[in-house]
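Paired with chain B in one complex and with chain C in the other, chain A is shared by the two complexes that follow.
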Partner chain A sequence: MTDHAPDVDPRLLEILVCPMTKAPLRYDRAAQELISLEAGLAYPIRDGIPIMLVDEARALDEAEKAALKAAPPPP
Partner chain B sequence: MPPAADPLRVFDRRALRLHRDRAARDPGRADFLFQETAERLVDRLADVARGFPLALDLGCRHGVLAARLAGRGGIETLIQVDAAWGFARRLPPPAAVAEAEALPFKPGAFDLVLSNLDLHWTNDLPGALLQLRQVLKPDGLLLASLFGGETLAELRRALMEAELAEEGGASPRVSPFADLRDLGQLLQRAGFALPVADSDTIEVTYPDALALMHDLRAMGESNAVAERRRGFTRRATLGRAVALYRERFGRPDGRIAVRFEIMTLTAWAPHPAQPQPLRPGSAQGRLADALGATEHPAGDKAG
Partner chain C sequence: MASTYTAGDAAAYERLMGRWSPLLAERLIAFAGLEKGETVLDLGCGTGSLALALARRTEPGHILGVDIAPPYVAYAAARSADPRLAFHIGDAARLDLADASVDRSFSLLALNFMAAPSRALAELARVTRPGGTIAAAVWDFTGGLVYQRIFWDTAAALDAAAARARARQLSSPLTNDGELAAAFAAAGLKEVEACTLTIRQAYQGFDDYWQPIRNAEGPVGDYVKRLPPERLAALEAALEAAYCAGGADGPRSFAASAWAAKGSVG
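On to the complex of A and B.
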């Protein structure tokens, strides 16, 4: 499924931030999620369309947060 | 993460999204009002003599405004956003699901924000306007329409009176809407320059109040007030409301009159090149000279 999922439009990706904290997001292409480390939330992407609703986001668990903090954000 | 109970939360945004998802199944069925107001917004945009490289359509439904724009308005890229997945899933990229109350965009991202009959569902309109100003570039334009306080006033009255008579109590059945006189002030407080809010009434006719309520559902505009009564309205109450509506607002041709008040907001993100008010006392000449009048001392001047 993720192999065929369309990418988020780059013009959109460039200006998206976390709706809750307004902090930058990390694009996890494999999981099709936009991750807000500050808010501890992952916003799902369906068919290339980001769902930027706080009450539809997945809460990150502690292990995920630690792994994300350890890994530098992609350039 | 459902939001906590809050007296300021007038609208149930989850219910609203469900209503819109339902409306998205057959979006062309009752979209005449959205089409009409979209055309009016495009007309206004056409009057602005400048280009808008990147624009946002907030609450775009099935792309009504984009279809009406059809290349007009000097927009290079239009990002379409709706709160309901039902609408967003059929949009061409770039598109996203998002809401005015928690905008997911960088400050200064857009040259133009358009919104066609959507902001009346916002719980925190001052907060939403502030966020809209922040996502605009300096000298960026907000052009939005939303329902005003006179919208569905007849239906509101008929339902309330019917419910009082049949059930001995009343609950909100039609959304509360913002007033025009509040909006200019809200825009100013949100930091917009040159704000203008005006209002138009669109009157349409329906066979009866049931047909109207049916259409409101098809539009995704049915009751999403958080304090609304859940479950079905009693048949006797509905019947009485239909009769009351016809009695009060019936037309000679047997149909009923329905009014929608459409408020339109035009406001700019501040920019130094915009016309600015002068500092008090900074005038270089006398007003009396400019008017060709003789200046008389006011008499009550101190000193």
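On to the complex of A and C.
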């Protein structure tokens, strides 16, 4: 992703949830991913368009999951 | 497979159907209503005909378009800079929106192509707030879509494979009398109402009818793309005779009717 990637619509970010668990997501702006800790999945965002398909998501590794659990979710 | 619709080339879709679906979108919005400031969902947004029709109205505060086909979503997202529009890729049967997060939901010419329409309706009922309206329309392939009956009936007279494809198309989920409204009721929606929405498809002449079919997406395209050249030429000649129906080549206007239903979340 370049620095010029369009940002995800803020209203959409508020209401998007993990399609598998329906739990809230964490937005990793730098990586352009939406992260579902419960499902252990990162959904990619391409050109500002979230791709909320389980089959397209990246599986989080154990170190990532541990780091996410340690860090409080952003307000 | 979450959708039975072959969706690859958004521009081809636009030539076949996207030039007509905005007319139907206006009718569906009039049937379903809109109120000021609402967050509105367009499920199965495709190339964005309904979402853009919603954006031409002043009422919606936010318009969310969701579809499973990336080429269509990219096309839709590039069509308008209206800041109220936001598109993303998602699966209707496993929707990615929070409970009761939208005020009103629409689905235009999409539910019948979904692998699990009843799950999609259940997901719409989940994400639409209590008291919110859900409205959908699907083509009446059997009795309402003249341009496509001309195509399938002509092709089926020439080819048993076309007859089988026609049988599949005409038995698509929710597309026969009463099925859409029954699915709404089965999803637990209240005050379900059904109606028929009709537009006119005005063609300039046979070429304007044939070329979009020749390069079609979806079930029509799936059939046409498999034909060897000589069979394709025979089909074209038979279709031209059917289109002209004994008259000179020139403009024709075909009725196109869709089943529509609306209901409210209890």
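Throughout what follows, the second predicted complex is superposed on the first by the 73 of 75 C-alpha atoms of A that agree within 3 Å, B and C clash if a C-alpha of one lies under 4 Å from a C-alpha of the other, contacts with A are read in each partner's own complex, and residues count from 1 in each chain.
Methods note: contacts are C-beta pairs under 8 Å (C-beta built on N, C-alpha and C of every residue); 3 or more make two chains touch, one makes a residue touch a chain.
Nothing here was measured: the structure is a model prediction, and the numbers come from that model.
Student: When the two structures are overlaid on chain A, which partner does A:I51 contact: first (chain B), second (chain C), both, or neither?
Tutor: After superposing on A, A:I51 lies in contact with both chain B and chain C.
Student: In the superposed arrangement, which partner chain does A:L16 touch: chain B (first), chain C (second), both, or neither?
Tutor: both
Student: Return first, second, both or neither, reflecting whether A:G40 touches chain B, chain C, both chains, or no partner chain.
Tutor: It touches nothing on chain B or chain C.
Student: Just which bits of chain A does chain B share with chain C as contact spots?
Tutor: On chain A, the overlap between the chain B and chain C contacts is residues 8-9, 11-12, 15-20, 22, 47-54, 56.
Student: Could you pull out which chain B residues touch chain A in their complex?
Tutor: 1-3, 14, 54, 77, 79, 83, 85, 88-89, 91, 93-99, 102-107, 109-110
Student: Once bound in the complex, which stretches of chain A touch chain C?
Tutor: Where chain A meets chain C, its residues are 8-9, 11-12, 15-20, 22, 24, 47-54, 56.
Student: Enumerate the contact residues on chain A facing chain B in the complex.
Tutor: 6, 8-9, 11-12, 15-20, 22, 43, 46-57, 59
Student: Residue numbers of chain C touching chain A in their complex, please.
Tutor: Its residues touching chain A are 39, 62, 64, 68, 70, 73-74, 77, 86-91, 94-99, 101-102.
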